[in-house]
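There are two complexes below, and they share chain A, which is joined by chain B in the first and by chain C in the second.
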Partner chain A sequence: MTAILLQDIRLYLTLVESRVRSQAQYRGSFLLVTFVTFLGMATELVAVIFLLDTFGDIAGWGVGEIALLYGLAGIAFGLAEMVGAGFDMFPEMIRRGELDQLLLRPAGVFTQVMAADFQLRRFSRIGQALVALILALRWTSIAWTPEKMLYLPLAILSGAIMFLAVFVLGATLCFWTVESVEVINTLTNGGSEMTGYPMSIYHDLMQRFFTFVIPLLFVSYIPALYLLDRPERADWPGWIVLMPPVAAACLVGVSYILWGVGVRHYRSTGS
Partner chain B sequence: MRLYLEIVRRAFSRQLTYRAATLAGMATNCFFGILRSYVFMAAYTGRVDARGWTLDDALTYVWVGQALIMPVFMWGWWDIALAIRSGDVVTYLSKPFDFYGYWLSQDAGRAICHTLTRGAPTLMFGLLVFDIALPSSALNALSFAASVVLAVWISFGLRFLLNISAFWLLDYRGPGILLMFATSFFSGLLVPLVFWPDWARTIAEALPFSGIIQVPADVYLGKLADGALLGALVFQLAWALALMLAGRRLISLAITRVVVQGG
Partner chain C sequence: MADPATIVVEGLQRTFSVRRREPGAGALRHLLSRSSRVVRAVDDISFEVPRGDIVGYVGPNGAGKSTTIKMLTGILVPSSGTVRVLDLVPWQQRRQLASHIGVVFGQRTQLWWDLPLIESLELLRHVYRIPPRRFVDNLTRFREILELDPFLDTPVRQLSLGQRMRGDLAAALLHDPEILYLDEPTIGLDVVAKARIREFLQLVNRERDVTVLLTTHDMSDIAHLCRRMMIIDHGRLIYDGSVSAIRERYGTARTLIVDLEHEPDEPICLARGREIRADGPRRWIQFRRDEATAAELIAELSSRYPVRDLTIEEPEIEGIVRQIYEDGLDSLAT
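Up next is the complex of A and B:
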């Protein structure tokens, strides 16, 4: 098991390295696109700051607290997109029949698909969210403890794994319906937008769905509550702050199993 | 003229064939509309108005904005740039029609289709679920319709310029991404311009982007008195014409120095 995992990781890195090398050939174009994307994404953050400037707070969350949510969600989403964007363009691969090629190769399909669309320019989203996080840490006064310092990177990693799992779930749908999988955009891009604000502002049904079905609640809201020592969910059990890694593990486990079912179920489009 | 109407008609029916994508796209527009609505509902707790806007105004704005995303084709359109890159643009340039007129007609057909299949249902969703306001009078509704037409024309003008830039720039993606983000930010889609700090609002209101979402939404909401309403429509028309002139000027420049790539 470990040997297979190591082999897959090595394969992933090799595939990514070759993609990076090919993108590095067009350095000017790459730098321009990365910079422009960074600039463009920054407008999203500026918009949030403008909104908070007028309203002061959203459900008791000031600009620093909202920026913390935004930063956590953005970094997690950016990492997931960077590592696994291949799943995002998977519908295209199926439509063009490219999956057949991958199936013929003597290597894991999961790993190959994951590495299929690695783009260096995606650093710009992570960079932008990192700026938000740094601003948030300046604008809020978090009472830092060693536990919290350990918790922050763990929470971000868990969030990234959850978003990656959602990408995989979306791709898995394509095994059954080649059409209309754009709905999954709602969960990926929509999910990252949603987790940029406190979950408590949304409709009850949405909160339940994003707690028990797709637990995006743990991407930013729960970690932020813990980091900021906010008591607004004091009625919830204390161990809930430890749930992000658990939720991430469950979600990625389920999506990996479903993916396997999908691969076995796959019949080529035939063209 | 008949030729261009025929192009409009064909672009319309071509767009109409993407049924599954229409449904999925609508779901996405609605989901983002729902998220933005809840953000405003939370922001308005404990206050009746902000900068003279009530919660109802803000919610109506959100849904008018979501409904306009597809008619104004916010997320980019590269058809001409791709044709320039592949060299196919030569066939378009050598055909006996006006280059600008041809693409404008194409876009008009697409926009009409998107208004009916994406815009109207999204607005309907907002009306049913979030109980947003309808235009308060027939005059409002009519001027809103005119304002949307102008918004599409402005947006087309910007996209046309961007596409034409591919004659000079080998990689049109950089400017393309910039235009996409600039449009969603400065048009007021992300946050209505009324909620911006005064200095930024003044700048944004002078740019053509505001004519794409903020102005039509203001017209829909009836925020503009008679004189201001006329002023807003003239503002949109002025930008649409200016962008058209710039586009036509550039295309005639490009023709004199066309070096076809890959052809």
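Up next is the complex of A and C:
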């Protein structure tokens, strides 16, 4: 079991490496595309900053605080997209019947799908979110403690894993219906959009949905509350701060199991 | 039995339940609708393939060829029946079996679309964990016999169909598989490219003792490559035997083509042969192998007409098989 896991990880890295090499061949165009994507995404951030500059704040959150939410969610989403974008184009692969090819190889389907669409230019999303995070750290006055310094990367990593799990869940739906593409987009892109704002602006029901059904709340809102020592959720239990990694582990476990169910379904129905 | 069977199939069945899509119904309605019918794609098929054989697997579109191959490779789980390939159960030991088989789908590729051919082959070395020494030996050999060198550094999407097929064949054989499955390997290729692929398959079969199972529409593939053929129609195996036997048993109608000295006034009518086509002094006369010998026919003909030249045409496998699809085996056996 462990041996197979190691084989698959090594294979993932090899597949990604070859993609990177082929993309790096056109260095000029790669840099240009990355830069343009970066600009495109940066305008999104700039728009929010201008908005806040005009209207003051959103639900008591100022520019710095919003930038923190945005940065946390953006880096997490960017990392997830970087590692597992193959799941995002999985509907296409199924439609073209490429899954059969993957099943013919002595390697895990999960690994092969994950590695199917590695794009260097996605660094620009991470870069742009990183800029937001750095600005946020300058604009807010976080009372840093050793715990918080450890917490920040842990929260980002957990967020990335949660987004990756959502990608996998979305792709898993395709085993039953390829028409689920829109559902996936709502979950992934909508999720990344949503986590860029403080949760308190959303309706209570929606908050609960995203806490318990798809715990995206843990991606940025809860970590930001903790880092900023905001009092607005004082009635929540203290351990909720530690929920992001727990939720990430659960979500990734569930999505991996369901993915396996999906592959079995595909192989028993042949469609 | 000298050679143990590499593929053993018994009572293999695969049914699909096909959802009927009502015209105009939306995606959600389609998803929820329960009106479906059961289609038997593969219906109680049994056969064995001994090691080192080249077997042709033919049938009209939708007969169940690809479904069978999918079950033999472990992609698809059968509805019932047993399959053992190299003593493994394909759908339970898919990953293990995958290292020992090679598969080429004529319409799809195992290669990475945007990478140069050599990069794809390199990646497959990792996927199949081929020892470096063996990889180099095999690659060198395939580069030579498939003449891959001119397009080794070309991205796969820029290759011609024939080039891509040669690349795919190399890709499927790099890890020294014991069985090679080919699904329409010559589809869309010109005569020269087809001949080259066939030669290669014969060579690989001889040199490496690879068992080959190929599906094809092209009966000349079968005539050139296979000693044995299986015909599947509506999911059932309707013929399993040698290629020459099908000709002898079912291809009873032979044709004598004669060039006469001058054009006869009326259609030729012989005791055991009838004219089926006329073009000036050239006449096509059909007769049945079980009713008359060619010698008898020629004797009768030349006693009545001045004959300049003649040839005998054996039945084409293509025609026999087409007739089997259309009318069933019985029509030919009588």
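Annotations for the structure displayed:
Note that in this section the second predicted complex is superposed on the first by the 264 of 271 C-alpha atoms of A that agree within 3 Å, B and C clash if a C-alpha of one lies under 4 Å from a C-alpha of the other, contacts with A are read in each partner's own complex, and residues count from 1 in each chain.
The rule we apply is simple: contacts are C-beta pairs under 8 Å (C-beta built on N, C-alpha and C of every residue); 3 or more make two chains touch, one makes a residue touch a chain.
All values derive from a computational prediction rather than experimental measurement.
Once chain A of one complex is fitted onto chain A of the other, the partner contacts of A:27 are absent, as it touches neither chain B nor chain C. Once the two complexes are overlaid on the shared chain, A:58 sits against chain B while remaining clear of chain C.
Of the two partners chain B and chain C, more chain A residues are in touch with B.
Residues 179 of chain A lie at the contact with chain B in one complex and at the contact with chain C in the other. For chain C in complex with chain A, the residues that touch the partner chain are 14, 16, 27, 30-31, 67, 70, 73-77, 91, 94-96, 98-99, 101, 103, 105, 108-110, 112, 114-116, 119, 122-123, 126-129. Interface of chain A with chain B (complex): residues 26, 29, 32-33, 36-37, 39-41, 43-44, 46-48, 50-51, 53-55, 58-59, 179-183, 185-186, 189-190, 193-194, 197-198, 201-203, 206. Across the interface of their complex, chain A is touched by residues 20-21, 23-25, 27-28, 31-32, 34-35, 38-39, 41-45, 47, 50-51, 170-171, 173-175, 177-178, 180-182, 184-185, 190-191, 195-197, 200 of chain B.
Contacts from chain A toward chain C in the complex involve residues 4, 7, 10-11, 14-15, 18, 21-22, 97-98, 100-101, 103-108, 177, 179, 267-271.
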